[in-house]
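The two complexes that follow have subunit A in common; it is paired with subunit B in the first and with subunit C in the second.
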Partner chain A sequence: MQGKVGYFVGKLVELLVTLLLVSLLVFAAFSIIPGDTARIMLGPDASEAQVNLLRTQLGLDKPLVARYFSWLFGILTFNPGTSYAYNMSVGELISQRLPVTIGMSAIAMVMVVLISYPLAVLSARKPGRLGDQVCSVIGHVLFAIPPYVASLLLILLASSLFSLVTVGNYVAPSDDFSGFVGCLLLPSFAIALPKIAMSFKFLRSSIIEQRASDYVRTSKSHGLSDLKILVRHVLPNSNVSSITIISIILSDILGGSLIVEQVFNLPGLGRLLLSAISRRDFPLLSGIVFYLAFITVLLYFLSDILAAITDPRIRLK
Partner chain B sequence: METVKRNKYRSPEASAFYMAGLTLLGIVVITFIISLFWTPYSPDATDASAKLLAPCLEHPFGTDNFGRDVLSRVMAASKYTIYISAAGVAIALILGTVAGIPAGYFGGYIDKGIMLLGNSIMCFPGILLALVAVAVFGASVGNVIWALGLVFAPTFARVCRVGTMEIKELDYITHARVMGVKPYRIMAMHIFPNLVPQLLPATVIGLANMTLFESGMSYLGLGVQPPDASFGKMLSDSQAYIRVAPWLVIFPALMLVFYILGLYFISEGLRVNLAKGGKR
Partner chain C sequence: MTRHIHIVKVHHLTLSFPTRKNPNPKPVLDDVDFGIRDGEILGLIGNSGCGKTMTSLAIAGLLPENAEITSGSIKFAGKNLLEMSPKERRAMLGKDIGMIFQEPSTALDPLMVIGKQLEEVLTAHKENNLSKEERRQAIIDMLKLVGFPNAEEIMTRYPHQLSGGQRQRVLIAGAALLKPRLLICDEPTSSLDTVTTISILELLKELCHKLHITILFISHDLSVVRGFCDRVMVMRNGKIVDRDTASDILTNPRNAFTAELLTNARLDTRILGFEPIKVDYEKEPVLTAKDITAGYGRSLFENIKNKKSKDAGINMVLKGVSLDVYPNEILGLIGGSGSGKTTLIRSLLGLLPHTGTVSIKSDRIGVIFQDPVSCLNPAHTIKWHMLEALNASSRAKEIKGTGTYEERKARTRARIIEVLDICGLGEEYLTRHPNELSGGQRQRVAIAMCLVQDPSLIIADEPFSSLDASSSAELLKLVTDINREQHTAFLLITHNIHIVRQIAPRVIVMSDGKICEEGITSDVLNDPKSEAASALLAAERQIHGSLS
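This part shows the complex of A and B:
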């Protein structure tokens, strides 16, 4: 038990230290920005007194360390300040946009698992056969298509084949949930495509490797059916490596959704991020960046824990 | 010395990957080289009488909404794709080796510190970090290169660190140490050359991934700035005309995918060779 608890505590400490470093990085990045924020906000016509007043209001006259801690406190209590451009709470702005980003990522992830797992299992049954090779080649090609290019091609395909013109019509989840899911399907598929290829590739080679191992031969000689060996022995063992892969895929999907949103004109975090960038709205920008990194770190942490639970060997390393 | 011997074995599978990869990459690279000397039209020349022309003899790839020749623009855009990915990977490679080899060689706190920094950089979805860097310092080709170099450095640092940890246990390193060779010399002269076989596939795949990021940033308008042509920018400009002029989307997309896919195939060939070579 000592080892188990020790491992989890160690991972937790690692998580906290990483989050601290991430927050330092984000804060540092937005502190070394050239230019005076108060001056930029008020424009060149404002008097020196006005600029000074705003600077005091924003707390920009305090020392750097004090600003860091007040920023960190704000962000940890989910109250990371007020956006310059929108004049709204950053937390509120982000939570408004979150459903699209999270929804798209979740749908994409479901697609990755539902499509890549069966294909990998089928492909790994008889490696080197025509079906397997076709899958592998298609996988390579899909892997090389950036999600936003895939989106454009899918739009092209959808509009020319099915004369679908609904692309770009966003439905809010509060209005019509199934409509919301429906309008996210195509963008999610575009993000999922390269990740399906990636997950397929790793899972396939992992299954092939496991099937060649001694314990599979032993199980076979004991008279276990192929299906039982696959479900009881091969898949759990291949899963361990795929948990790590999946956390990487999730973080990629999150990053990919930021761009794909733009193609389909969806009001998600990516749009908010771009408008924050173009308006130099740093409280908003730092909030989005920190929370996205926070989600990613949390995902990595959870995948580590999950991998350690499913495979005790990891804890000993 | 057995374990570090360069091996000359080539599997037929790897050869197929090399062939496919070099063909695709070759198309893009040759286009790039020709574009340095000659393009059919000036990539920025507008022609009001030839707007949105479908591919024809005078304009093999058609023209865009300003009457610019798409073939010429695709040729010009290949320059930025190749230039940014090469320069960015060079920066990432240098930063990654300089951080990764000492981390693996010395271990202890140096290792912990460097890896912690690398891991916290990798915590950000890569594209996000690059976008923020460009947002803070301004959108320009130079800044895109630096931002991407920084984002990709931890990947190379990892490869170097793991490789170094394996190599430093070998007898010839111990021998060098006993002979009194200085650590930095061991790392530069004895460890680094033996990391090349592992760094090579990482470099090739880094080029491909960097192109994915760069084109995405250019698509968002935070990469290569107009009027210079880049695949990402061309694709975002042509999106409004996707139904009336699909060639505006198809040709840049095709070239972009050729470049990335070519690199993936080559890295796959390298990987297969490395794996098969190890078994013999």
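This part shows the complex of A and C:
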């Protein structure tokens, strides 16, 4: 009893504590950034009295602790205030842009799984053979290409050579969902490429390792076919270790999408974040950073839970 | 089917591992020629690397991909196996030829419950068209046959929730489930304790008779095949050097190599002649454990399924165990596998959640585990290991003392060298890595790592079972020396009754998660009151009796 319920409760407490620390860190980081928000908003020509008035309106004159708690309350109720720059609710701004970033990350993740798994399985069948070596070399090359370079190369390829995809065209999901997915395919692929290589490399060695294990030998001696052994024993066991890697890849993809959005001119969180930075839009900036951190921490939490569900040994610890 | 006198006939088999650099290497199997008679138990004996396992894998068709059979043939019930397609050979596995292996701890898929893994044996062979309920019944019957009265319960367990002996029984159940004609057993007992070994051997013999299974039994230990095999073959460097009936080979070895193997099997009588020291049982114990109960949980989903019964969520392995260890004493703890010895140690050390209380007079207890290979970090030197142990100890400051960095460093080094010296390792070992040491030396390092912390108690969990007879005799001497000179108490978990008889003045016998007998060693061993203690003694006599 203690073992498993304790494990889940422990992980949940861990999640909450991490989020609290993240909120403190985010708030502290934005508080120590030099520069006066009110002064920046009003410009160098505004009088001291005007600046002071705005400061009072924004609540910037309150003590730090009070500001932290009112900010935390706003964040937790999904209402982190009004953006200075856009003059819109931060929650609304983020929820407008979130589908692009999340959609792109999700498509990239699907690509990673769909491409790296079959390749890893095929490669691991006969390690050291030509096919395996070709895959490994291509993997190394892809691993070395950062997503923004891959984006540019893909744009070149897709637009000038094949003219398959209209680059730089954005279709809102509410207008045409398949069009929305279509315009995200290429940027997603650019983010996915190095991650495909990473996941391939990891899975391949994990499958090779599992195939050499004693229980596979036992299954062989029971007369199980190679396919059955692969599906029922080798893959589930290599998945146990892959879950952690996949969660790291996912959070990497989320970060990568912020940059790729710029290259493909997509209205996602990344562009919102950059404009918030350049305009010193504290409520917007802290909102985006906190929610992104929240998604990442949540992913790790889910991967821990998933690992505990798949591996019966974890709960003992 | 026609009946053949020989169920398997290996005919002048030569096998090697050619590589691109060396296309004609020395053969691993060199002109191996023998037959296995229908219904017999044939022993195949030899040191590690002599080709026993390769012979068995060649028969089963599970050779590594880079192995090449250069000449010879293998016939099973008259059919030449080497001319069959891989698919035909696979169809024979499990159905005609079953196999069990040496290491039961890794031979089961850790993510799958036992019932499912056994069911795979049945579903892998389509021709026996059983319904789900029939399959379940077949598995329950087989698990009962291999000695699990609680078969339904075992089916829902994961491999890590079973002991080594239990896992080996599960593997035997899997191999025997389709009632194959030949069962290949590759060192099935070498990682098990004596009592479990005897019970596994008895089980195999029973299966051999009840299900009419022929057994090829591979082992490096001559004493194990005694009274078990009908005939024995001795292998050396890929060749069969001796073959005879089991009784002849053991009483009257004609071959010099067989005689040498026989001598090695007798070695553990070397430990005779140690004097146990006097222990004052009036003193306050160094370790007191009261009413320890512990167990392993089931998975979350099973728990939700079994919500009705409240205690169904946990499988108790320890049921209210209490014990005291007094200063200076060597307390022996014996019991068959699965009796809860290791679970008790883990609970005492606080590595496993448990109820009950454990109080330790000094906060310094050392532990020595069974497997010295994986206990040391291969990336670091012995000095690093010793330093780490020293720094983790609550006495680190005391030993290092005060003064400049150089002075403290010198004192630390002196202390480490002193401890290594006690353990029979010289100063030159400081810079060595674990892979440069033998198994016995590694276990010495493990003891030194405990000793450097100046513990009042060392818990040793089967510290000798992975070592050969001469190393374990030397280590045993070391343990008694430390006990006498450093006044360290030992809680010694072992399955070797010889050792307990010689060095432990007091002994505790565990069975089924409880302490079933405890007292002065000579009393317990000469006149055992409990069934478990009698069984242990009987097993010991059966294996080592006539040899020692």
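Quick notes
We adopt the following convention: the second predicted complex is superposed on the first by the 313 of 317 C-alpha atoms of A that agree within 3 Å, B and C clash if a C-alpha of one lies under 4 Å from a C-alpha of the other, contacts with A are read in each partner's own complex, and residues count from 1 in each chain.
In this text, a residue touches a chain if its C-beta (ideal position, glycine included) is under 8 Å from a C-beta of that chain, and two chains touch if they have at least 3 such contacts.
Quick caveat, the model's predicted, so the values are computed rather than measured.
Aligning the two structures on subunit A places subunit B and subunit C in clashing positions.
A simple residue count on subunit A separates subunit B from subunit C, and the partner touching more is B. By the touch criterion stated above, A:S219 is placed in contact with subunit C alone, subunit B being left untouched.
By the document's definition of touching, of the two partners only subunit C reaches A:D311; subunit B does not. In the superposed model, A:P63 lies in contact with neither subunit B nor subunit C.
Taken together, the two structures place no residue of subunit A in contact with subunit B in one case and with subunit C in the other.
Interface residues of subunit A facing subunit C in the complex, by the touch rule stated above, are 1-4, 8, 213-215, 217-225, 228, 232-233, 236-237, 240, 308-313, 315-316. Residue ranges of subunit A in contact with subunit B, taken from their complex: 17-18, 21-22, 25, 29-30, 32-33, 140-141, 143-146, 148-149, 152-153, 155-156, 159-160, 251-252, 254-256, 258-259, 262-263, 273-274, 277, 280, 285, 289, 292-293, 296-297, 300. By the touch criterion given at the top, residues 60, 62, 90-95, 97-99, 101, 103, 106-112, 120-121, 124-125, 158, 160, 171, 174-175, 296-297, 299-301, 303, 313-314, 352-353 of subunit C touch subunit A in their complex. Every residue of subunit B that touches subunit A in the complex is listed here, in rising order: 116-117, 119-121, 123-128, 131-133, 135-136, 208, 212, 215-216, 219-220, 222, 235, 239, 242-243, 246, 249-250, 253, 256-257, 260-261, 264-265, 268.
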